Each structure stands twice: as C-alpha cells, then as structure tokens.
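Each in structure tokens, the structures are laid out below.
One chain, chain A, appears in both complexes that follow, with chain B as partner in the first and chain C in the second.
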Partner chain A sequence: MMRFLSVFTRTTVSAAALTAALAAGTALAAGPTKDDLLGDTKSTGDVLTYGMGYQGQRYSPLKALTPDTVSKLVPVWSFSFGGEKQRGQEAQPLVVDGVMYVTGSYSRLYAVDARTGHKLWQYDHRLPDGIMPCCDVINRGAAVYGDKVYFGTLDARLVALNKDTGKVIWSKKTAEYKDGYSMTAAPLIVDGKIITGNSGGEFGIVGMVEARDAETGELLWQRPTIEGNKGTLGGKESTVTGVVNASWPGDMWKTGGGATWLGGTYDPETNLLYFGTGNPAPWNSHLRPGDNLYTSSTLAIDPNTGEIKWHYQTTPHDGWDFDGVNELVSFDLRMDGKVIKAGAKADRNGFFYVLDRTNGQLINASPFVSKITWAKSIDLKTGRPVYNDDNRPGAPTEGGEGKGKSVFSAPAFLGAKNWMPMAYNPDTELFYVPANEWGMDIWNEPITYKKGAAYLGAGFTIKPLYDDYIGALRAIDPKTGKIAWEYKNPAPLWGGVLTTAGNLVFTGTPEGFLKAFDAKTGKEVWKFQTGSGVVGCPITWEMDGEQYVAVVSGWGGAVPLWGGDVAKLVKDINQGGSLWVFKLPKA
Partner chain B sequence: MPRLTRRSLLLAGLAAAGTAAAFRPAAARPLDDVAARGRLRIAVYRDFPPFSYRENGKMTGIDVELGRILAERLGVAADIMEHPPGETVSDDLRLAVWKGYVTGGEPADVMMHIPYDKEFALRNGEAVLFAPYQREVYALTRNPARLPNGMIATLPEGEKIGVELDTVPDFFLLGAFGGRLRSSIAHFPSVTKAIEAMRTGDVAAVLAPLSEIEGALGPQKADYPTATMTLPGMPQSGWDIGMAVKENSRDLAYALGDVITAMDADGSLDALFARYGVSRHQPAANTE
Partner chain C sequence: MRAAVLACGLWLAVTPALAASSIPEDPLGSVMWETLYPEVFGTAPVVADDRVKVLAPADVENARAMPVAVDATALDGVQEIVIVADLNPFPVVLRYEPLKARPFIATRIKIQQATAVRAAARTRDGVWHMNGRLVDAAGGGCAAPPASYAASDWADHLGEVQARVWPADAAGTARVKLRIRHPQDTGLMAGVPAFFIDALTLTAADGTPVARLSPLEPVSEDPVFTLALDAPVPGSVLTLKGRDNNGGDIAASIPVPVKTAATGTVGVTP
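And then the complex of A and B:
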C-alpha cells in the first residue's frame, strides 16, 4: 500500500557534514554526563535539557543580549524540516557540542551543525497506518545523555539513537498505539533513568509515569496516576496508588484517565520528579462523584522507586476538562527574609499556584486570566477551590430529549494556559506566563454517535472573551500573584517562553513572530517574522563568544483542530516546518 | 412499508448541497473514478464484531460481507479498510471519508455502519449519509439464574452488570436510580468481552446494542434471555444504521443505495444478518 509518509524507517546521514563536524572535533565527543545535565542551568555553551535546566525555569545567565543590544540580533541560518507534512512544530531544540538536536512533527528527529545549519543526519520514524493522535502530530523535543539522543513517537514508542550517527540503538513500545496512545512530550533523564509520561486515549486509559534504564531501555518502575491501580518496581508489583475506591465509585478507577501527556520536571534539591496529570474520565463529572484522585493534579514522585511523595490536586472532581498537566517550575521564593523551596504552576483552570515543593502545601493561588467562572477562589487553608456550583456542566439525564443546559465556562477547555511552558527569571523574580483569554459554551449533546452507536457527548463552542486579543503574555509576581505587566496578542499564544539575565523575555506568536520583551517592563524590543506560526520553545546559548537564539517555526497544534470560532481567526496562517537560528554578532 | 425512493434517503447538509450544485461539474466523477480504478475502498470499524472483525487473520462480518457484495454489484474489487473508531462518528467521517488521516493514507470511497439521522447529517455536511440497512436498539441479556426477572432494579447485592466503557448503557447505569447501581457496573473494552464475562459468571447481565449481543452470544442465544430495553433519561433508545460517502459522490451513493434496496426486497439482507445470528430490523426511515 502506498503511504505518504515514512515508507521506511530511515536515517539519512550527510557524509560531508559528518566529516566537517569530525574535522571540527565536535560531533564525536562522549556526550553529556549526569553532572553535565545537573549543571545545564548554569552552563551557557549548551542546552542539554527540556526546560533549560531540570527545574524548568527556561532561564539563561547570558547577558550579551539586552533590551539595548537586541536590535542587533540577526538570523544566521534557517533549516527546513522538509517533506510534505508541514505543520505543528512545538519542539524545544537541544545544543550539544556544537550540534543541535531538534524534533519535527510526524516523529522526525534532526541533528544539525549549530554553526552552519548543515544537516548531519535525519531520522524519520516509520508510522503505522491508523494512528489517530488526538491533538495533532506534534513532538515537543528530544533528550540527550552520553552517546545517545532520545525521543518519543506518535505510535507510543521511545527511541534511542546514537547522537553522532542517528543509528537506532533501541526502540521500545511504551503503550499500544491502536488503543489511542502516543508519546509527544520530551523525555526526562535523571541519574541514568529515562522518565516519561503517557499520552492520548481520551477514554479507557490510566495515566502512567515510567522509568527505564537509559542505556538499555529496560523498564525500572511504573507509577499509575489513578488511585487503586498498582505500580511496579524491578519487574514486580510494588504499591497501590492511593486507596482503592476512596475517591472513585465502582470499578471506574480502572479507566479513570489522568494521562501524564506533558511529561515532567525534576528538582535536584528535593530529589523529586513533578508530573502533572490529565482530566478524569468520563467527562461528565456527575457520573463519578468524589475527588477522582489523582486526576488534574501535580504528583511528586521519588525517581528511584516511583513512590508518590505528595500530591496537590488543582481541580478536584474536574467537570470542565481542564486537566492538570501543566509543568511545576521549581524556584526559590524569597519572602519575609526566608527562602522557601517553592514550585509554581499556571494551571489550565486559570489559577496560578505557588506550592511548597518539599511537601505540596499551598502557599498562594491567584487568577492569571481575567475571567474564571468555575470557582470563586482557592481556599488557602484547605487548598481546595471554592466552586461556583451553578456553573458545573449538567448531569446527562437532565438533558432529556433536547440539548442539555448550556453553561458558559471560562477558561475554555483548551485552558488559560495549555502545554506551552512558562519561564522564571530569578533576577526579576517574575514568572512569564503565556496565557489565553477564552471561554466556552458547553452542554450535553444528545445527537452524537460513537462507533456507529448513539452516544451522549459534550457540545462546545469556544469563544474569545475580547475583540482585540486572546493571547496574553503575563509577568506574574509569585509573592503576591499580581500581574506586573502584560503583552496582548491577537491570536492565542501557543509557544513556550525563554528569559535571560540580560533582562529579556522571548516568545513566539501564531502570527509568525519571534518577539523579545524587556523583562522588567514588558516593552516589546525586537521581533522577527519566521514565515509561519511559532508554537515552539525558544532557547539561547553561547558559541564562539557570541550569544545565539533559536526557535522552530511551523503553525499547528490543537488550536486549528479544536478551536471552533478561534480556528476561524487563525485559518489564514500558513503551516510550515523550519528551525531558525539567530545571533548577536561580535561588535 | 412505503416504497423506498432512493433520493429521499440521501441525507446531507443543505449548505453543502447548495455549494455542490453551484460549483461541481455535471460529470459523475466519483462513480466513474471507482469504475476506472476497478475497486471500491470500503471503510469498516476495526475489531467490531459481528459487523467487521478478523477471524484467523481474515476480515469478516456483516459490514464486510455487505461491502464485498456492493463492490461485486458495481463490478469492481472490494478494498476493505479497517478504521480505528475515533471519539465520535463525526471524527470517523472526517478521517475515513472526506478528509483523510493526519498521518497520510487514502480515505475510503464509502464507510459502513454510519448512523442515519437527519440532524446528525446536517452537522456533517461534508459527507452524505444514505441507505439505512439496520435499526439498532439496546437490549439486556442475562443469566436467568442470576437475574431471574430481567429487572435491573432488582439486581441482587454483589451482582454486576457488564457494559462497554464510555457508551450510552454505561452512562445510563452510572446515573440510574440516583447512582445506586454505580458500584454494580463492570466496565469492559468491548461488548464481546462483557458477554465473555457473563459466560464465565463474572457478571449477571450485559446491557448493550442488540446486534452486538446476538453476535457475541451466537448459538448460546437460547441460554441467555435477551430483551430490548428503553433507557429512561437517555436521548435515544434506537437508531438507524446506514452508510456514508463524500459529499461529491452522490452518484456513488445512488448506485450503492440501489443495491441495498434490491437486497432488502429479495430478502438477501435478512439472510446475511441471519448468517451471523443477528436479527435484522427494518430501519425507521424505511417505514415512516
């Protein structure tokens, strides 16, 4: 049968480029060690981890680029991902010994000479027929450790390749793609273990965090996110997550949801992994009374055993499909003369949470979007939301013959902040959060069908809250929850944020720009049109004494697939697939 | 039964139809394409007994056989394509019929087992829904020793009812009697697995579409009393099953619809269902 894409799994190596790299003495180094990964936040000559450091601050100590010098930032080269499939580039590139590793949509991985833009090798994963990724064909990035580079694929495999040749060393099936699983998040490598979440499968799944030996791919432990399910350690059953039926009726915990589709962060200081979990299933909350632990939560997990050390649930009994996968970013909160080991999470539900990351206790929670209809506030004593009960979508039986009661709910299910990672700048002590201002009408839809049978689904229409913008990049003071400044963008923001010691904040827009802002004031100080929407994560590093910035460009992701009226707003944006590299030339 | 008029049995969005009339050339392209290529690409649901499933590696089932007959009557080869069910049938129509998969692969010329419903058709204007060939209803099948009277409300303490996960029977039982049955529901990935659990004694009864129950019970039908059931509070207790083509392929729909009409008239449609142990019910659209 003819296939459009990846008839063969193949890696193509440019011999000339490889020779050139060899001559330069860069490509065949031993590769990053455990200590190198631990030091990624401080080392400026490379970008070794997703999040630019384990804690996920996306902060660089580089200072050459400032609001004053950024006007001299110029493109050096651009690299096309090629092929017919130009869409949905959400990756964050890595930079290792002068080589960039970047993933493209449709499960592709590229190694590119960071100085010249010459391709060293390309790996196209063979995708089987009949995969149905729920939320576009994206990939969010690779991981590197020793001589290997790793990434997850749309058919739910984890692939390890030789970083110099692109040759596959191992490829492990993590879940059954036929059941709707895929893997799109960047893997996390901690102390020789490669740690991943699971994604896809809107029903019938249980969220999972898994650790494998990075050398062999052998499974070390598994931790299901839904209480009642058993974990494994060293090939044997370990402990049960939570307590069976404590927050779920009947056997619903066996298929309760809680996917960990965005992966996680790691904090070396507490030696904890932080993974967010997705929404519970089925979507209608009236059918599953209880908190439905540990859906829509952040879990702190011991990287050695997979045991849950604490949890914090942002949306107990989620009835709005908010999900809670957003990243927890570790940072030092300086308050009242003390330094608190804190973590912050800008949740899809619209609240910005500051937690004590040693124990999950809530320190502060405040709205980071202008309209939140599902809860009045978060009770700082109990850590629980004060719900607006009138605003919970209705029970299915209330629908009867016609369309059920329609509820206007903000944020929309795409979230006040979706997958796109925020950044934290320890100099300004501000978080930079890519937010979206939208709501949705949601109702029980009686005339729907599934697999040829009558079904009771949710109907929804996403609506912008304002005429002139949806996206808003907001600087948030974690001490007070106050918004220090904001930048409004017409289209929804869908890309990650980067901040630097040079008092800059970078992020991309669907309109095609990579933009830079003054980190203290929010003044826009630079922009560059990349030719397609930017929904990836910018990075910066230093090479040959010059500061570089890179970002992938290529519109796609969930907005054009799910956005309703919003999709109309962005329908004229052309798709694409390229890596742009900029530098501030030496004076 | 009033005589079937094939044109009255084509459902499609009015807006889409208007566009088609305005811009499409008169030539009957899609039917010509099928004839020129010498094959009809037929989408069926994957792992969906008794309609479309694999037996010893080979595709079989009511929808598969019906698809093969349709191809034969057009004088072309049948190219059966297994489609993994999406979140809703609208997704299936988009992927398998009118747009194609995001990862590539050719859409089908026709998809089997698509609900035939006017309002649903209006919401899926890029597809044409036509030729209903079965009426589906819910039924409760039970082990008579475990649930003697067939009344769900009298389910004894500790007994369980099996359902396929994330279906109307699932939602109905989760909400029924103020949620009283919530702990008595056993969820399965398919009706086949639920029936298997009834055979092995893990559940006392199964609530599911009748065709799927009959297909899974097979010759054991006599041992497990099965009765149709309306589900109070749920929007629909029965629905028609037909086919779908892309909006620009009405002529193909007419040709295929003629085959279904003929098979209905000569009894071969009933016979096909009977071979799989499934009782055929005349679609409501054909009897109104």
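And then the complex of A and C:
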C-alpha cells in the first residue's frame, strides 16, 4: 500500500506542477504578423526571418556588444540535438517570444526556451530510405508566421507545425524525392505566402520557385527557372519561362537544372523576390551550347504572380558548376551624393556583383578571391564575363568514349563563396564575405540523363591554392570592390556571417570556433570553442535588457563529401550537433 | 541525494487525502492503475462492467501484433472507447468515437511485456464502463523494427488502403475492415523517429462522419481495424480520410455492396 501511495503521489504532484507552470508561463502568443516580419530588421527582441530581415543583411542594430565588451562574452547554455544523427548543422535559429526555433540535420526541428535552453518540443521527420541530398543531410532553418512554424525536409516536403505544440498542421509534397529533389533552404514568408526554392541540381531536375498559402499550404504559383518550362498561377498554366530553345539546344531544357536550393530574399521597397539559380545540368557544357537561361543567375520575381521581372546571369554557359545560387542582399548604395537601390551578390564564380535591384543592371563587378582563371573580367557595359576560352574543360573525345581535356580552374566548384550567407553593415558600409581560396582539376565525361541518377558528366578534384589558409573572411566596399580587411582561416569557411551596430562581425570556423571581429579593422576580438565545426549562421537579439548571441555547431556540409584534397585536411574534425547561446555576465 | 529525500517527503505530505478516496477499484489489480487512471480518465467515474467484452489471447504469440476486440454493443449511447495496455511504454493504444457506428472495434496491437489489457466505453452520462484481461507475452513488440523495413520499398506503399464493407446482417449491422500500409514506428527503435497514424475518419456518402479513430504508437504495423456500422446505403461509397503524425495524408473510397443478404453477425462471442 505504501508503495502504491508513493507512485500515485509523485504523479499527482508532477501533474500539478505542470499545470502551475502552464498557468505561470506566458499565454500562448498569436505569433508574428505580416508587419512583424516586415519590421524584423529593426526589431531587436526577436529574429523572425532567415537573413535577420527580408533584405538578408544579417545586421542587428544592437550595440551592447562592442569590440571592447565582447571579450567577456560567455555561454549561457548549450542544447544538444541528440540522437545518433549528427552531420552538418547549417541552420540559422529564429527567436519568437522567448522561444528559439532551430532545425537540425536529418530534417529535425526543435523549439527551445531561449532563456534556459529547456526543450519545449521536437519534431523528427520520418525520412524514407531513398532520399538523395547531394551535399549532406543539412537544413538551413525554419520560417515562422502566425501560429505556425515551417521547414522543408530532405524528402522534398514542406511541413507546417503549430509553433507552441510541435504538432503537424499540414505537410505538402513539393516534388518527388526519388527524382533527386529535396528541400534544404529556409522558407520565405511574404504577405501570407510561403515561398520556397528546390534542391537537386546534381540530378537533372528543373529549378522552381513556388508560392503557397501559408495558412493552408495550397499552391498559388510556380515559376520554373529553365526556359521552355511552363509556370502555373492559381492552379492553371501561366506563362512559359523565357523562350523555348533561345539558349538551350534540343530538349536539354527539360532536365536543365537551375535549382533554387538556397531559397531567396525579398525587398519590400521594390516588392521583388530575389532567387539565385543553380548550375545548368549536366556539368559538361559542350552538350548544351548557349547561355542556358536562367541557370547561374539571379531572378527578380513578382511575389503575387510568379512572373520574372528581370534576370542577371553571372555565369552564362556555366561549365564549372559556378552555380549562381548565392543570395542577393539589398542595400542602399551611397555614391556620388545619390542613394541607389542596389543589391550585392558574392558569386561562386569569384566575382562580387553590385546590381541596380530595380532592373538588374550591373553597376560593378570585382574579384573577391585572389585567383580567377575562367574569366579575365566582367564587361560592365554588357554585363557579361570576358572568358578565358582555354580554361573551359574540354569536350569528351570523339565518339564520346574518353574524358575530355582536363584544366586547372579557380575558383573550385565549391565556390569562391558557397551557400554561407554574407552580411552587410550600413554603418561601416562594408559587406563581410566568407570566401574560400581553392582551385580544381576538372574534366568532362560522357553522360546521358537517367531519372534520379547523378547528372554531372564531369570529374573533378579540389586543391587548395595556398599552404596556410583556404578560408578568408573579407570586408568588401561595394562602392569600389576593394577589400578593406581580411581574416585568413586554415580550413575553408562554411558558416554564415552576422554584423552589428556595435561594430562587430561574427562567424564560425570548421575548427570549432565562433569568432568576433572588429567590423572596421578586422581585428579578432573574441573566440569560443564550441566542440565541433561551426557551419551555421550566428544571430543576435535582446532579451530582458541583455544582448544574446547564438549559433549552431556541428561539422559537415559539402566540404567533407566533395572536397578532394581539402577533405583530407578536415577529416579529423569531430561531428556534433548543438545550439550555443551567449551573453555578457551581469555586472 | 538530500534534495531528493526532501522532495519525497514533500510529496507524501501533500497527498494523503487524495489517494484512496478518488481512485476507483481496478478489477484487474494492475500495478499501473493508480498512475494510469488520472492520465486516461482524469477524474471521471469508472465502473467494472461485464457488458464490455474484451477479447484478447491469454498468451501473446506475436508481440508485434496481438489481436484485440472490444464489443460494447450491450451498452446504450457509447460515446467513446479507449483501449489501454498497462505495461506498454505507451499505454494508451487508441481512442475510438463510434459516432453513427456500433460500439465495436477490433485491431492488432504491440505488446512490450505481459500486461493487463483493458478497454473502457464512456456512455452519455460520462461513466466509463471497463473490462479487460491479463495477457502473458515474451514481449518486445514496441521496440522491434517493423517487418516492412526488411524491404527498401516501404515508403512507396505508405498510406495505401485496403478496405471492404460486408453486406449488413439481420440486425442491420455491416462490418467494415480497413488495412493501411504504415510502419507505425513507436520512436523506441534507435535512429527511427515516432511515425504513426494518429487520425482516421470514416464518412458516409452524404458527408456525415460515422466513425472517428485516434490511434497511437502501440497499434501494429500496417494497422487493421474492424468496425461495425449501422447498415450504410447499399451501392453508396464511404470515404476514409486520415493522416499520420508527419502530416502524411491517408485517403480511400470504400464501395458499399449492393447485395444486402446477411452473411453472419458482427460481435464478440467468446
């Protein structure tokens, strides 16, 4: 009897404690509105969007942390993603009403109390055995709107969950994972629409931008990125993308690639979505003479109709996997007494582009890495690269039997800058770009398209350019293209950048450090070892009058899988999977 | 350690009045009853009632799929049926609202170890009528991988439905049987998250919901449910809609046979 009593007692008390906790806690908030999302850049108490604001500047007006005070920054808590599943953690967390929403590898989503690190709920998506992520089982973050939190999964589904309970509200199949599709980017929510890109550019898929009703998940419009493919609007066919066969031969456009695997940014001032598009498929460019629109481009898209308003192609007829998917960051370019609505993009091909974001006209393009072999320059009049024709990997030999002429090309296909987002600081008027210095031997091989199989037609191996570093965090002046300062890192940089009004720049390293730099001088002013490589995106926000910083830690991504000689350099980095949160100790 | 002892003392001090008085007697004498009662029934009255028949084997041959049938047709006005396997890591197996159907359900469930298996039917007055039995089992059913994982194509058949409605019997009851392809993962197997069907609704041709099921982790892989309907319109089509905890949709149309000849009766006759 005594034993019975104690069992019962414990249960009753814990149930009572739970009830009390629920009553004492904040009432379940309605969640962010359209206006909240629009104001994310300026609001310091939350982080509601991937990019810390629609324009993707990753800039916070917070000033408590400065090059002087940051040296005292210490961890508040660390949260483990758990399980046996680790691999790359590339997410940017969100902070909403004191709750952090963060995604982990293998399509997992966590809600964590931002003050204590206590887990509120966790959603583990059940993945089929046959998923085909090209470049690790990563996810880049969630989106939040109203009572829902959203993320994409490796089996190409878009899932909406109740932000307070973690229960699935709806789940939509966006594409067939068996054909090579997946979804790794953070969704973008604009005016009640959830807008997503797709992944799978190595499998001959067709890139797509899609908008759904954020409430119901109902498809509103689709815009394929490859010319010749038809879009939809309101459930009906809309317009054809581009003009059939204008820049693609035969029916190659049906499997033309151009995946929008990084999602996009939005600019409320021009009411345009900016989506980067990936490499054309296959990699062997001799099979597809022409510019291959709209691969390796930035597309400006009307969020209401899905129509392309302008495009700028950074690598026409890409033959090096210079996938132009990199984010376009909107900013005010102050030049000659004028303010130009500009956008900047640090492309995988090694050039830093500044465009007029109202019409896609090129303003400036300059190299942001030390060695570019494929082009001499970008012609500012035509906006096109001046190619070095002999640096294009050769066609497979006559009859298509053997591999074509191999060339050494820089940057490597993993890019002068890959997925990891840069930051722009309107106070210093500098961009902070996580760059990598590497080249590759690349050659073409015969290939034919087979559904669901890798569609490359190329062989390659990556090589470092220098003995002492690969990664380089570079501060770039968009007015001149000049590099104001740089920080060199031995391993390739693979994490996002954050900058603040406190004159700081934060980024992580594969060696495991989250580091802070003086935004004006580049002097390293703080670092913390997180226990595994940092390839996520740091954020900062204010809570209870204090400035917090957070980043996920967990080594992985494309480098250990595709990095050739470089993969050997990083093979001893241990895996992980955790969320770290920092603040200054109370005085 | 000191803190733990203090905490225990506190619990004992807080609760003596509650224990004995508010918990109904358990006819099965299960060690879990005092824990499960508030979790499953809250504070509602529960009475032992032989009119609820629970059919389950004395010895469980297959711990991954033990058949269980609950027949509460001897009661009037049953609103909900709950099935519980006390010593499973997830004791509640499913909840069933018969709506326009007869209060009868049969399915297959996982059994982790020898346990009391109980079912209760809630009548309109809010009283739960409960019965059950002890089943002996070698166990392990909740932590074993689904058989379908031996093949790589399980995801191809996810959510596929086989279903049949039999012609109504003399009492105007038509049996319907549903089988849905789903691994029904409990989340206890390393590296495999919980993944199971958590909502099913059967709707008549006129749009009226006739039966609503809320299955949970212990329902077996490729779940099979047998329900007893008030004779649906011959030649009409029933609709099954549901989803799993990942938001995966389940949908099927189930034709009702035109033939109305009786082919037996539905119910448990132990």
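To be clear about the criterion, the second predicted complex is superposed on the first by the 536 of 587 C-alpha atoms of A that agree within 3 Å, B and C clash if a C-alpha of one lies under 4 Å from a C-alpha of the other, contacts with A are read in each partner's own complex, and residues count from 1 in each chain.
Operating definition for what follows: contacts are C-beta pairs under 8 Å (C-beta built on N, C-alpha and C of every residue); 3 or more make two chains touch, one makes a residue touch a chain.
Note that the structure is a prediction, hence the values are computed from the model and not measured.
With both structures placed on the common chain, the touch criterion links A:129 to chain B and to chain C. When the two complexes are overlaid on their common chain A, residue A:252 makes contact with chain B while staying clear of chain C.
Touched residues of chain A were counted for both chain B and chain C, and B has more of them. After overlaying the two complexes on the shared chain, residue contacts for A:466 are found with neither chain B nor chain C.
Of the two partner chains, chain B is the only one touched by A:451; chain C is not.
Of the two partner chains placed by the overlay, only chain C lies in contact with A:170; chain B stays clear of it.
Of the two partner chains placed by superposition, A:408 touches none, neither chain B nor chain C. Judged by the document's definition of touching, chain A residues 4-5, 85, 129-130 lie at the interface with chain B and also at the interface with chain C.
The touching residues of chain C, counted against chain A in their complex, run 8, 10-12, 14-16, 18-19, 23, 31, 34-35, 38-39, 152, 154-155, 185, 187, 190-195, 243, 245-248. Those residues of chain A lying in contact with chain C across their complex are 4-13, 15, 83-85, 124-126, 128-130, 159-160, 167-171. Residues 1-5, 85, 106, 127, 129-134, 136-137, 154, 178, 180, 202-204, 249-252, 254-255, 281-282, 284, 286-289, 395-397, 399-401, 446-457 of chain A are the ones that touch chain B when the two sit in their complex. Every residue of chain B that touches chain A in the complex is listed here, in rising order: 45-46, 48, 51, 82-92, 95, 101-106, 113-115, 117, 119-120, 123, 136, 165-168, 170-171, 174-175, 179, 182-187, 189, 209, 233-236, 239, 241.
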